[in-house]
Each structure stands twice: as structure tokens, then as C-alpha cells.
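Paired with chain B in one complex and with chain C in the other, chain A is shared by the two complexes that follow.
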Partner chain A sequence: MKFSIAILLGGLLVAGALHAVEAPAPSKLNTTADHSKFKELQREFSSGPEVTKACITCHTEAALQIHRTKHWTWELLNPKTQQRLGKKHVINNFCLSAGTNMGACATCHVGYGWTDASFDFKSQENVDCLVCHDTTGNYKKLPNGGQPPVKDTESPPGSGKTVKAVDLARIAQRVGKTSRDTCGACHFFGGGGDGVKHGDMDSSLAAPDKVVDVHMDALGLDFTCSTCHKASSHDVAGSRYVPVGKDTDGAHIRGKADKTNPATCQSCHGQTPHKAGSQASKLNQHTDKVACQTCHIPEFARGGVATKMGWDWSTAGQLDADGKPILKKDEHGHVIYDSRKGDFLLAENVTPEYAWFNGDVTYTLLGDKVDKSEGVTMINMLGGSAGDGRSLIWPMKVMRSTQPYDPVNKTLVKPHLSGDDDTAYWTNFNWEKAVATGMKEDGAPFSGKVDFIKTEMSWPITHMVAPKGESVGCNECHARGGLLEKIEGIYIPGRDANQTLNLIGWLAAAGTLAGVLLHGLVRIVRRKN
Partner chain B sequence: MERIYIFTRFERFWHWTQALLIIAMLVTGFEIHGTYKLLGFEKASQLHTSAAWALITLWVFAIFWHFTTGEWRQYLPSFKNIDLVIRHYAWGIFQGEPHPFKMTRARKHNPLQAFAYLGVKIMINPLIWISGLAYLYYNELEAAGVALNLGTIALLHTAGAFMMLCFLIAHVYLITTGHTVTAHLKAMISGWEDADAEHGKQAS
Partner chain C sequence: MQARHSLSIVIAAGFLCASTLAQAYDADWKRGRIYYRSVCTACHAAQAGGSIAPSTMTKAEWNAYLQADKHAKGKDSLKQYFSKSYRASIRAQNKAADKFADLPDEELAADVKAFVIKGAKDGDAPASCS
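Take a look at the complex of A and B:
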């Protein structure tokens, strides 16, 4: 018996030892496909579309899925306002519009070769897979419609600057999921530079610490963009054209068919997000009026990158004594004047402005009448009020600019800015020529006259969520002259009071006090007598 | 001199705790209202809410005490000799006349006083408490279909606060109108009141 137990134990030991020897072969655990092992990618690629052709031999539906998205079409019909929006159509108060500048703008298009209206939107091979799925950080697109440089290239032409060639095969063999870097390559640099446009998105979010963004904290939760902006069939959730002003649904649950936007705070945190502390229930009561972002993003441009707050195109075109363009920088090294663009106002750690917002956005588009005598033209008008039941108080970056318009036809204009030709403003400094070219492209009327008009554009702030200890405190709004001073339609304790009641109340209290003091005085006087 | 034990230990505890809480709530409440800056809105509202719950708890015990001891009868209104009491405060007190009301264990409050306290109990307090709870739970009220504007709730609550402030001023002053300036105060501290004091004074 003892003997047989010994044999059994020995057998187990041997089995254990054998098991240890046969360790599983090393494999990548973050993917089921190592693209460097794919025959289709083990070759030289001489253009972007060649890579895409290889991709779609396996990913047969991918390019067709991309064709359905805003990332590809740059246009969208707002179902509510019936306005045709998207980068292809809108005018903003930064670089104004894409239009004839498409070759440069399309550096940020998920395609190859969009330089003008002849671009083929049906082409699958024109879809740029690498711009989103690169993991090397080496991928680049040139301002020639977004083609990658396959050999060392002077860009922009005539600038004397060389852009090094990218190794497309190496990049293709290392494709993976999207990352803060791939999304950020365009979205951090919107408006033509780091942090220019959004204010709550810049290169500091590539690897932020907890203070800058509590979710993206590279050493903590380490969210990528797609953790919230969850894509379905390559269509990425979350939109600035048709945003959700007030998400009234609860947190999304696995297995439940949640049709609402997965990028809202509420889609994870629900409607009663405050759990701990004596103030939790009072804070939860705020969620029907105040957007999460209003308290939890006390400031934007918090990562050390300044954002543009103002842009005055009317001062563009000043040249030095030699007729050369001027570039002025402030003490931080930020460009504050550029002959091609005018004066800039930049700021860091900006306290937002606040407004009711219900998700409705109406743009002033090409052809819409604008009137200089009305003061400021709204590039986008945000819907919302205290009483519509769909609004929350949101933080906003408000961009204030002075931009070219047609004073005769009373419309905004799309000038031709970039290009190696004799009308592009950035090389010729002539507004009339630049606007004429830009408007002709759209078949839009232009009187030949250019004047400048003040404009405002609101950007709801939603990124750079601070840790809870850094959020906006009660006292900052519950006070006269507080952050929400201009918010109408609600009673904010500490800010508001009924002045008639105050008058009656204090008169009554003072009257009572005077009465008893008088009564007491008479008692004292009478006692002395 | 005859002394009567007029305020029991619980009554005195109730009175002084309530006094402290009401003063704390007036101070913090008018800060919440935006009248001045002292603790900051956040601390003021935290303290105000905590004090409110403390007072509600105290009230539960006080109401229980009033009904089990029958002391609630002290607040039954009576017009008997009310004219004499009014005349006393308007005239007699200045002449050094004694108070026309003789305090007993069964009837601690003069008719004017009983009316005042009844007014506090059936008007000011319910106004403050109902509006105060609505202030705390207005979201829940709205969810339950009672759409009340927060501004209206705050208006009623503040109106109640002003009434309470007026009551407090008058109440504090009237403490000094005993046969000595501190007699009433001492009674509320020790429980014992000099029942015959006024008569004694008159005799002297």
C-alpha cells in the first residue's frame, strides 16, 4: 500500500514537472492577429492606397463601414434643423472653412487624396486605415490631400522643410487599436495647432497625469478616447453637431440594449453619481440642472498648452519693411501675430463661461444673412433654457473673432487661404482675390467687397475632467457675482433673493428691535425717577 | 418667599438646545440667503441642514413629552385677564407695578405669552419646517409631481425665518421683564421661579 502511494506521488511529481516544461508558446495577449506575420503585409508599399488594398483583402467590410461615417464624408444632415453640416460645409471662426483649402485640411481626413471636388468618395482604397490604427507613432500625412510621404519630401513645397519618408510596411505590420495618439494627431491639433480649437483637448492628453484628466491618467485609469467614444462598425459615438445636452438615462449595463450615446458621463456614472460624503444627496439633486462637466471641469487648457480664445483676421496682411510677413511671439513663445492670419489671443487654465444647453446647435452657414450692425454674429447658436426640460447648465469655451465677410451680400465668406497659386491669401495677402476664389468653388455669390465682422462660437467643454478634490466648490456659484451669475431662469440660493421680502423682513426685525429697546429705555428712565 | 419648580429638567434641556439650534440656523440661514459671508455657503448649508435634523429629532422627543405629560395644555389660548396683561406691558411695568398674572405649575404662561407661543407653534414653525423640508427635497417633490419653484420655497422659508427672528428679539427682551432683570433667565436655568416675588415687592 505504502509503495503504491509512493508510485502515485512520484507519478504526480513527474506529471507536474512535464507540465512545467511544456509552457505555452509566447503569444501576444492583446490581439488575436499579429499583423507582422501576414504575408499580405510582408512587402514594400509605394502609396497609402496600396496598404489599404492589402487591409481590405481580410477586412472586407472595413472601408465600406468607414464610407458611412462623418470621419469620411465630413458632412451630416442635422435631422432637427435640416442644416447640412460637417467640415465640408461649416464656417468657423478659426481657419474659417475648408473649401478650396481642402488639400491642407484633408491632412486630417481619413482618406487619401481629397484636394478638390473630384475626390472619389466611393473608393475603398482611398480610405486611410493607418491614420487611426498606427501604433508606431511614425505615420504622417502631407497637406496634399493627406498622402503619406513614401520618400523624403519638401513640404510645404518651396518651404525648404523636409518631411522624412515613412516606412509603410513597418507601420502596416504593427497596426492595432486606436489610441490617444492616433485620435489626438488630428483632434488635439484642430484649428491648425496644438490645443488651438477645443480648449479641452490638446497634446497634454497624450499621456496626462491624474490632475489633467482623471480618466485618461496614464498611470491610473488610462482611458483611451474610444473607452468613452465607443465605435460601432467604425462609427464613433459622440458628436459636436448633434450632441446630447441632457442624458436622462441611467448607466449602461452589459446585455441591455442601450441606444443612447455611450460617450456621456451618465452612460457610466448614472444620474446619482455622488455616493460618499454628507453632501452626496444634495449633490445628486444638482444633476437635473447642472451638467457634470460644469463642476468637474473647473478650467480648460489645464495641461500646459494654451488655447486660442480670440482671432482677429482684420489685422492680417501687415508686412515688414522688406515686404516680408511678420511673426510676433509673446513671452511664452506663443505666436500672437502672424501676417497670414492676424492677431491671436491665447490663454491657459481658462475658467469657462456657462450657458443652458439642450444639444440643439444652429450654425450660421454660407449664404445665411449676417448684419454687422447687430454687433456679434453667432457662428453657432446653442439652444437651451431653464424651462425646456432638456437643458443643463454647461461650461463653454467661447471663441471670439473678427473675420472676413461680404458687406454687400451680407454673408460670411470662405476665403482661399492655402495653396501655391496667385490668389491664396497666405501667399498673396489680398482678401478680395482670396475670397473670390474661395466663393467661386462653392458657387456662392460674392460682391467683390470684403469687410470684417465680429463673431462668436461656443464649444461645450467636456474633456479634462479634474479629480473630485479639484472640482468647483459650492461657494463659487452660490454667491452673488459667482460663476453662474448670468444663468437665468432658476433660483440659486446665495445668489438670488426676493428683495421685497428682504425689505419687509428687515423692517420688521428692525422695528421689533427698536420697539423693545424703546420699551427697555422707558423702563430704565422710569426706574431712575 | 415661595419658590415653585416651574421648568423640569427635560423642558430646560429642550429649551436651551432649541435656542442654540435656532440661533445657529438663523446665522447660517441668512448666510445661505446671501445676506453676508461668514462660514462660506458650503459650510453654512451643511451646518444648517445638520442643525435642522438635530432640531427635528429634539422635536420628536418634545412632542412626545408634551403629550405624555399633558403639558400641551399650557398653550391652550385664553382671553382671561388678557387686558390686564396688555395694560401691564404698556403702562404698569413703567410704574413698577407687579405683573397681574400669577404663575402656577399648571399655568406657566400669561395669556399673552400663551398666544405668542401658540402662534409660533401653529404658524411660524410649520411654515419653516414644511418649506425647509421642501427646500431639502424639492427634486423628490418634483419627481412626485408637485412642481414647486425653488424660489417660492425659498421665499416662504425666508419669510418664516424673518418671523422667527422677530420672535427671538422680542423673546430675549421679555426675559428681562421679570421682577428682577435676570429672574426669568435664572428660572430657565435652575427650573425654580420666585412665585410670590411680585406680591412681596408690592408689599415692600
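Take a look at the complex of A and C:
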């Protein structure tokens, strides 16, 4: 009897199992490779390069592809201006420059160990695969050239803050496609903090709703960064150093060899993007003069994260009565003064400034002459005008700063800011020492004098696209004192109305109407006769 | 005795088959993040006096809270808020409930757990509500 029950139960279980076999076996659908099954990754890792060494046993070309990209070199030659750009070279008006601060800056380099000029750019093992392919959200890099903490680490040293160790094996076994989180780990935090630099990119884009960005809406289209910024051989499309001001091509089509930037609005929406509604035709007439972003991004920093709009380095270095650095915050908890950095101006929901832009950008680089008497030095000069045929009216974040420069040589400077050595400004609060060290690294002349100069840097706004119902309305531009008040070289109805011309027009219209009525009246009267 | 032995073998074999077919679920913390923010936080912010950031509790406290399965100080079950029936009841007004309407209850609960443990005060990435 018992034996029969056993057979019955066993039979039921086997039958159930066989039934299950008929359905497709469970599998991960977001990848073709479960990396946790790879023996190469089933081990402990004591450093980032050890992980990369395992990765490239299968992905033999990946690191070599990375070596060719600006994510690796931080260097780019602008073919038009022949300026050598990239983070390695430019000066900005946020944290000023990489230079001798590379150990900290390279926290956002796709490599391990870039602290100074001795970094080996030919090493495949120095490529950091995990920073872009982590799916756990737990990967971290330290300001020591971007090495991950393999044990609990006090960072910065002496701060009392502990960065927890990351489990490299667990992260390596779960690698996957890039995501808003992986790209955002650096790009949301440009300038040293959440939302600081770009204004249209911050941590609110990690999982935004439709109001913050219609494309990245986590419950809607759910675009990742790479949906637009398509990569080829690990080279990601779209660059602020050589941007596209006016994309005159149509939408990209599968199978067609499109060489143009796939990250523009037009690469999906084409040149006549408005399809529905009574105003579609009229709106499409705007696209040869107005960038899509101008109407569709009415404000930036819309996700609840403030962006820096101003930075005054000249006030840095103030200490309290005990000689300790000062930190002041506003009512929202934003830091508005830091002894190491000076005064900050932050803002949310910022209405952009607007300018003609054709994609040409010229930077003020180390060695270029600047003149304090001119008022404001442009960190980047954007090309564009109403009449060049290549420009559109773009929305901009304009960062206004006061930053150190050499008043004798009349050049911007690259100070040595971070580090625990005697010349780092954040340690000793001495500008002359800090600038001397920073300039020496680049072999650039320094007079020994430091003064401060006002600067501006423009950032074309292109993320945080609002739902169409919240786009800029017609009368916000077509009015006196409207958003485009300062745009020159173009007649904007409503803004540029001339009273005399208007009077002549109305008189002409009234005269025409009177003539028609009179003519009709005469016809009626004569017919009766 | 022999029959009992056979029964054990057959049952063991059956469980082996079943366990081979059913793979362990690898929780998706990103999906948990969306559901937590769009359903849990949204409701708490609107009706329960404010949102609850994952970083307000430790991992141990979150584990204990989830294990206890007591919502609103024990007035109802926590698990019900991850259930298909609950999602169905709010999907007309809630995009997250609608998007994840067909997800097995256990998977969604595991996703949310992964997010709050990761975002706990002592978690790998302490998380706020927004």
C-alpha cells in the first residue's frame, strides 16, 4: 500500500516536472550571457584591474576600443578650430581644471589609477569595465585615481567618513548594459556634486517621471542615455566639445548609413516634428530658426535638484575664530559658502537664457590672453548669428563665476586644489602656492601673482524635455519683454511691433474693408435700377 | 521498511526535479525603486503624513519590518500592497501599478526589498524618497 502511494506521489511530481518542461525554460531576457555562470568571475578580486583582466579574456577587443575614445583619453582635437580640448586640457569656471587634481577628477575616468602624467594609457587592465556596466548600483570609485574600495576606506583621508568596500566579484557577475544610473554616476555629478554643472542633468534623471523628462520617464518611454547617445565600438555619440547646432538631416532610418549625430532631436523626429493639431504647420515653420529644446525645455533643474549658477572663488579662504574652515548652508540645505571654494549661487526651475548657436565653440585655454578690463572673460565662445544659415536659437545655462588668473601674464590659471600636500589650496588656503604647483605641472608660465577675473561659460540645454502641454507658449516669445527679447537679427511678431507700421496696416485693412462694402453697396443699388 | 525507503527516494527525486526547474529569483532593485517611489511613497506622501525614505531605517530594521508583515501599525498586511489584486485596484490611477500589473507578487516584493535594503541607512547606497 505504502509502496503504491510512493509511486503515485513520485509519478505526480515527475508529471509536474515534465509538464513544466513543455514551457520555455526560465531565462534572463535582458542579456544573452549570465555572467554569474562564468568561471573567470567566480573568484575573489582584490583590485579593479584584476576584474578587467578577467573581462578581456572573453571581450578581447573591448579595452582596445575604449582606448580610442574620449572617455579614455579625455582629449579631443576640434577639427574646425584645431583647439586641443577634453577634460585633460580645458579650464572651466566650476572646479577650474583637472591638472594636478587628477587623482580626484579621475574618480570619473573610465580607468584605474590616473593620478599624474605617468598613467599608462596603453594598459588594457587599466580600463574600468565596471563603472559603465555595473547593474547593482553599488560600484564606487575613490578619489585616488578612481580605484574601487576593496576594504572599508576613510575618504577623504582624515575626514572621518568611511566608504564601504565594494564586492567586486558580485558586481562583476552582474554586469549588463549601461543605464541612466551608470552614465549618471559621473554625468549627473559633473562639477563636484549632484546637478552642479549641467543644469539639465542630475540624479532626478535616474528614475524620472514624465514631467521631468518625457523620454526618460521610467514608467513611460524609459529611454536610457544610450537610446540617443548610441555607441559604436564603445565610442559614445554626442559631445559638448563639437556639438551640432543645427541638424538639417532627416530622421535616421534603419539600414541607411547615417554618419550624423544620432543624439539630436531631428535624428528621430525629423525636420517637421509637429504632426497633429491645427497649429502643426505653423509650429513646423519655426524649426529652421528655433531649436526644439527652446520650446520643449521651458526650465532646467526641474527634478528637485538645484544647479550652480554662480561661483565666486575670490571669497574662498575665510576661516572661523579657531582657524577652521567654514561651511554655510541656505534654508534648503544647499551649501552656499565653503572656505575651500568660496560663495555659490544655486537655483532650481531655471528659465534658460537664449542665444543663436551654430555648433562652433571656441575655448579660452591655458596661455590665451585675458583682459580684466573687458569685464567678463568667456570660458567658451559660442558661434552663431541670425544670418549665417547654420544657427538656431538655443536655450542656455550661463554659469557666471569669479575665478583666479595671473594678472601679469594675463592668463587663466590651473590651481592645485585637492591633495594633502602643502601646496594644495584645499589644505593650505594659499593661492600663490596652489597656482604655482598647478602651472608647473603644465609647464606654463606663472608670475607669482594671483588676482580674480569674472568669467562666463555657456551650456546648451538639451535634457529634461517637458511634456508638450508644458512647452513654452507662443505668447511667451511673441511679446515685448518675452523670452527672446535679447535675440537679435530676426523679426519676431509680437515682440518687434512698430506702432506706426501697425497703424498703416490697420488703416490699409480698414480701407480695404470700406472699399469692399462700398463696392457691394453700389452693385446692389445699381441692380435695383 | 523497503517501501518507506522507496517513498523517500521518489519524493527526493521529485523535489530535485522541481528545484532544478525553478531558478532563484534575482531581485531587480531598479524596479523596486520605481514601485516604492510611485506607489509606496506616493500614497504615504498624499495620505499618511509624509514619505518614508529607505535611509530612515537600517537593513536589520527593514528586514524585521518586512518579515513582520504589519502595515499601518498592524492594521493590515504589508504583503497585500505588492499583490496583483492591489495593483489591479489602483492601476487606473497609478502608472507603476499598471506597468507591473502582471508581475508575480513574490518578485515585486523581492524587488522592493532589494531597493530598501540597498537604500537603508547602513545600506550600500542610502536613498532618499525622490
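Convention: the second predicted complex is superposed on the first by the 475 of 529 C-alpha atoms of A that agree within 3 Å, B and C clash if a C-alpha of one lies under 4 Å from a C-alpha of the other, contacts with A are read in each partner's own complex, and residues count from 1 in each chain.
As a working rule, a residue touches a chain if its C-beta (ideal position, glycine included) is under 8 Å from a C-beta of that chain, and two chains touch if they have at least 3 such contacts.
Note that the coordinates shown come from a computational prediction; the quantities given were computed from them, not determined experimentally.
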Contacts of A:490 with chain B and chain C, given as first, second, both or neither: first
Partner chain(s) touched by A:276 [first = chain B, second = chain C, both, neither]: neither
Touched partner set for A:285, first chain B, second chain C, both or neither: first
Contacts of A:257 with chain B and chain C, given as first, second, both or neither: neither
Partner chain(s) touched by A:505 [first = chain B, second = chain C, both, neither]: first
First, second, both or neither for A:513, with chain B first and chain C second: first
Which superposed partner A:475 touches (first chain B, second chain C, both, neither): first
First (chain B), second (chain C), both or neither touched by A:522: first
First, second, both or neither for A:26, with chain B first and chain C second: second
Shared contact residues on chain A - chain B and chain C: none
Complex contact set, residues of chain A against chain C: 2-3, 5-7, 9-10, 12-14, 16-17, 20-21, 25-26, 28, 136-138, 164, 166, 174, 179, 181, 204, 207, 209, 218-220, 303-304
Chain B residues within the chain A interface of the complex: 32-35, 37, 40-42, 45-46, 49-50, 89, 93-96, 136, 138-139, 142, 149-151, 154-155, 158-159, 161-163, 165-166, 169-170, 173-174, 176
List of chain C residues in touch with chain A within their complex: 2-4, 6-7, 10-11, 13-15, 17-18, 21-23, 26, 29-30, 33-34, 37-38, 95-96, 99, 118, 124-125, 130
Chain A residues within the chain B interface of the complex: 278-279, 282, 285, 288, 473-475, 478-480, 490-491, 493-498, 501-502, 504-506, 508-509, 512-513, 515-516, 519-520, 522-523, 526-527
